[in-house]
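Common to both upcoming complexes is subunit A, partnered first by subunit B, then by subunit C.
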Partner chain A sequence: MTLAFNAALCALILAAALATILGRGIFRSIMFFIVYGLLMAVAWVRLDVVDVALAEAAIGAGLTGVLFLAAFGRLVREGAEAEPPRRINPPAAVACVGLTAALTWAWFSLPIPERPGPQLAEALPRAGVENPVTAVLLNFRAWDTLLESIVLLAALIGLWMLTREDDWRNRLGLPQHVRPGGVMSGFGRVLPPVGLLVGVYLAYVGADRPGGAFQGGTVLAAVGLVAAMTGLVRPPRISAPGWRAVLVAGPLVFLVAGLAGALLGTNFLTLPAPVAGGAIFVIEVALLLSVAVTLTFLVLGPPEGENRR
Partner chain B sequence: MSALVTLLVLPLAGAIAAIALPSPVGRTAALAAIAATTGAAIVLMATVAFQGMPRLEMGGWTPPLGIVLVADGLSVALIVMTALVMASAGLAARHAFAPGTAGERAAFGFWPLMLLLWSALNVVFLSRDLFNLYVGIELLSLAAIGLVAIDGKATALAAAMRYMIFALAGSLLYLAGVVLIHAAHGTLDIDLIATRTAAAPDGLALALMTAGLMAKTALFPFHVWLPPAHAGAPAPASAMLSGLVPKASFAILLRLWFDTMPDRASDGALTLIALLGTAAVIWGSLGALAQVRLKLIVAYSTVAQIGYLFLVFPLAGGASAGVPWAAGAWTGAVFLALSHGLAKAAMFLAVGHWMAVAGSDRLSDLRGLAQLMPMTAFAFALSAVTLVGLPPSGGFTGKYLVMTAAFASGQWAWALVMGGGGLLAAAYLYRPMAVLFARGAQAGAAPPSRARQAVPLLLASASVALGIASAGPFDLLAIGRPLAAEEGL
Partner chain C sequence: MTLWLPFVALGVLATLAGALLRVWRGPERADRMMGAQLVGTGGVAVLVLLAPVQGWAALDVALTLALLAALAAVGFVKASSPDGAGDPEEDEPPTTDPRSASEKADG
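Now for the complex of A and B:
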């Protein structure tokens, strides 16, 4: 039964992947890409890594799908949705097949790893949280996570550099128009409360079960997008000081927590075992807010004027 | 708090301040962060030179669980070079990105992107953890792409897009290699991996990571993104992009081939890498000869100069690692990287001044500018001396060390590449110099103040000083060097 399910899942993933790259039409490729992301999320669940599954579903299928659809919408409006040539690019095909073959060979030549490793199991009681993934992300390898939260910020500043000079003071993204009482505005009222609950819950349980600030933040970002797209809230301008403060809150709190360790005579980013749990909670709350707002802004895109197509 | 922590935290804090605080305050905070980080870099260099290598275990966890950062000679040499370039770019940007001069968008975006780039460079130069290095080059690439796009013109956006595709493909290849290494050895720490016995996928991992890092370093044939990206950015951004960014991925390559897996290098692979370097020297030089815009000439010259760095692999790696001249070749390559960083940044900043006066960087529009701005012309000429490799510059010291190793090892072909590349550099740098020093200055906008003209001159002088006082940096680089030097070579 398990084997049959796994085999079917693998076949579906391969079929969705092939349909994405070989199918006719950009729109169809995007749809298959979203399906592929969701199937991958199921596969991660089968492999017992629910944290990765959550991230894959939320970012790989969800937010990336929204971005692709938005880009496709623009191509249509510009009248530029030309059918890409269906010709296979030989060098790219050879490179991809070669890489796949090499990685497959490597996979078979590798030993099956111990999970969790002995060092991790030994140190986990001092981490302040029970979920080993959260322990790695916010304690053992907190330096990586701090930098990753900064990477998000760098991506947003880079995106804002694509703004046209005249649009800099406009609101983020394209202006949205929604028919009052329509399906969209109905969604705008039903989805956000549910999403808020799920997002906050995911972040909260991250301490001892799968979840955490990044996964929860992605769900909250989806709430923000729905609220913006259905006209429930108007996106802010880049100059809005409050929103900018929320953007940097996560990295800033993380940095201050790290410095506290250095100033108190231990190492940078040291969270002493008795207070580690509390410190991680505070950092996660700040990260949750920053991740949610940064992702929302990233998907909304740079400010664009009312008069532009 | 140690200089190491300060160096990592200050640019991050500066970037956060520049994003969160309103315009004049954020800008002041960014400038303060630039000044303080420069100071921290120099303090760290002094620490390494006089007290040994500081080591920072993040969060108090030791590998394989935690991440360790170590400042050795290579780290601090690159960090101080970075600080000099960043401080100069910051001084130039005070005017280029002043609120009235640049648009609101660029005046806001430049400072956080610059400081994030700096943070990423410091992380890459210090980290001993393969995944942490990945996060570092991700941050580096994203900040660099933003700086390419900051100009806002359609050509700049197209260049940024192409750069992003190459950079992300490179990241993924590198990450695939990291995953294989972690699966095989259960650790990401460079020094722990070095002690493990070789596993079957090590060669594949090394190949994937090297290919990814080559794409990010813009080594031939992955160089196509570099000239439009570096030439399309504003001068202070170009100075950082060309002088500093390729050095980060090159530094990781040095760490991989000499620190992490010195015994996995095959002679064929090492020769192939150096052949690609040779092709880069030739192709980049020919490209520079063919351009009529000075910024493109300077950008193509980066393609060529990056090629030299890759000659180090057959001269110091693999079977050559045990021979007496290996340390000389390795040190020479680092000298070349340092002096290129300083000289190339000086060149771009000088070109920025000329573009402000002449309104264009076409060679025909730059005629006689040396009479109008002698200091910047002198800076350009000094930088050219370094890039050609004439004594007493840092470029000469680097080439001398590498060529000595090439002759000592009997691999004299690589010495020919060095010499030939120098001749080609003289050829493509002669054209702008001839125009600049020709008679008949054209009237344009008023030249910048002497103080601003002095900035590229100071950088160019530093690249020459690296050769005049080469003993200091030479000894510094020996601290923590993977290869032991032999006296008298």
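Now for the complex of A and C:
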């Protein structure tokens, strides 16, 4: 029975993936990309990696889809949504086939990992949290997570560099307008409270169960986007110092915790066992806020349209 | 009781093939979007059905999917409005022609 279920799921995922790259029309590809993300989330649950499933559901099916839809809307407004004629680029095709073959070979030559590995099981009591994924992300391999949070910030800075000189200091994104009392403005009042609850919940349970700052932050970013797009709140100005402080809070708190670890006798970014639980909680809260605000601003984009004045 | 749940989940998954067909054929953009939303709803149903077998954390994923699928719908409606920031329910959008909007903004 499980075999039939897995086979059906794989068939649907393959169909969605093929339709994304082979179907004609940009909009159809975007739709199949969203569908692909949705189905992948189910597949990750089936593979028993709920942490990855949460990230895929939030980012792959949610935020990336909205980003693509907004980009498509802009293409339509500029009259450029027509797809260029399709030609096969031989070097690119050879490179893609080669990469796929190499990845396939690497996959089959990898040993089957033990979950969780013996070293992790031995070190877990010293981590301060019970979820092994959070323990690895925020304690044993904190270096990677610190750089990831900085990468998000760097992406936002790169996007903001596209702001025109005249727009600097204006509100982010397009000026949103909705019919007062209409379906969309009503929706903007229903979704955010539920989303806030779920986002904070996901970040909070991350210490003991699947979840964490990145997943929770993405849900909170979705809340911020819905609130902004339905006209519930106006996006802040690009120069607002308070919001900039929130943007850097996550990486900054993370760095300070790492330096404190170095000063207290353990190594840089290694949390001493007695305070690890509390330190991870503080880092998670700061990361949650930074990730949420950074992703919201990334999808809203730099100031434009009538916001330019 | 939980013995039956994978069968039901498989049934729901099979109906998603129909939704994929609608996303493929369209013909309107809204048809494709509704097909994708149906896959989202079906995905939530499959996850809820899998939760007793697979572990209750699957419900968290179902919750996240349900929330984020709604976001995609808002994104679609916004992207289809004339200036990319409107609402189809508005009687008279403030600016129907994107070019005049940018001219006003430039001036």
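Please note the rule applied: the second predicted complex is superposed on the first by the 300 of 309 C-alpha atoms of A that agree within 3 Å, B and C clash if a C-alpha of one lies under 4 Å from a C-alpha of the other, contacts with A are read in each partner's own complex, and residues count from 1 in each chain.
To be clear about the criterion, contacts are C-beta pairs under 8 Å (C-beta built on N, C-alpha and C of every residue); 3 or more make two chains touch, one makes a residue touch a chain.
Not measured: the values here are computed from a predicted model.
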item: Fit-or-clash call for subunit B and subunit C when the two complexes are aligned on subunit A; value: fit
item: Subunit C, subunit A and subunit B - angle at the middle CA centre, rounded to the nearest 10 degrees; value: 140
item: Contacts of A:Thr2 with subunit B and subunit C, given as first, second, both or neither; value: second
item: Touched partner set for A:Gly182, first subunit B, second subunit C, both or neither; value: second
item: Broader residue contact with subunit A after superposition on the shared chain, subunit B or subunit C; value: C
item: First, second, both or neither for A:Leu264, with subunit B first and subunit C second; value: neither
item: Touching partner for A:Cys10 - first (subunit B), second (subunit C), both, neither; value: neither
item: Which superposed partner A:Ile157 touches (first subunit B, second subunit C, both, neither); value: first
item: First, second, both or neither for A:Leu147, with subunit B first and subunit C second; value: first
item: Contacts of A:Ala240 with subunit B and subunit C, given as first, second, both or neither; value: neither
item: Subunit B versus subunit C as contact partner of A:Val97, first or second or both or neither; value: neither
item: Smallest separation of CA atoms, subunit C relative to subunit B, angstrom; value: 17
item: Footprint of subunit B on subunit A - complex, ascending; value: 99, 102-103, 105-106, 109-111, 113-114, 117, 119-120, 123, 139-144, 147-148, 150-151, 153-155, 157-158, 160-165, 168-169, 238-239, 241, 244-245, 247-248, 251-252, 255, 258-259, 261-263, 266-271
item: Complex interface listing, subunit C residues touching subunit A; value: 6-7, 9-10, 13-14, 16-17, 19-20, 23-24, 26, 29, 32-33, 35-36, 39-40, 43, 46-47, 50, 54-55, 57-58, 60-61, 63-65, 67-72, 74-87, 89-91, 93-95, 98, 101-102, 104-106
item: Touching residues (chain side subunit B, partner subunit A) in the complex; value: 1-2, 5, 8-9, 12-13, 15-16, 19-20, 22, 56-61, 64-67, 103-106, 108-109, 112-113, 116, 119, 123, 131-132, 135-136, 138-139, 142-143, 145-146, 149-150, 152, 157, 176, 180, 183-184, 186, 199-201, 204-205, 208
item: Residues of subunit A touching subunit C in the complex; value: 1-2, 4-5, 8-9, 12, 15-16, 19, 23, 27-28, 31-32, 34-35, 38-39, 41-42, 44-46, 48, 50, 53-54, 57-58, 61-63, 65-66, 69-70, 72-74, 76-77, 173-179, 182-185, 187, 191, 194-195, 198, 202, 205, 209-211, 215, 219, 222, 225-226, 229-230, 305-306, 308-309
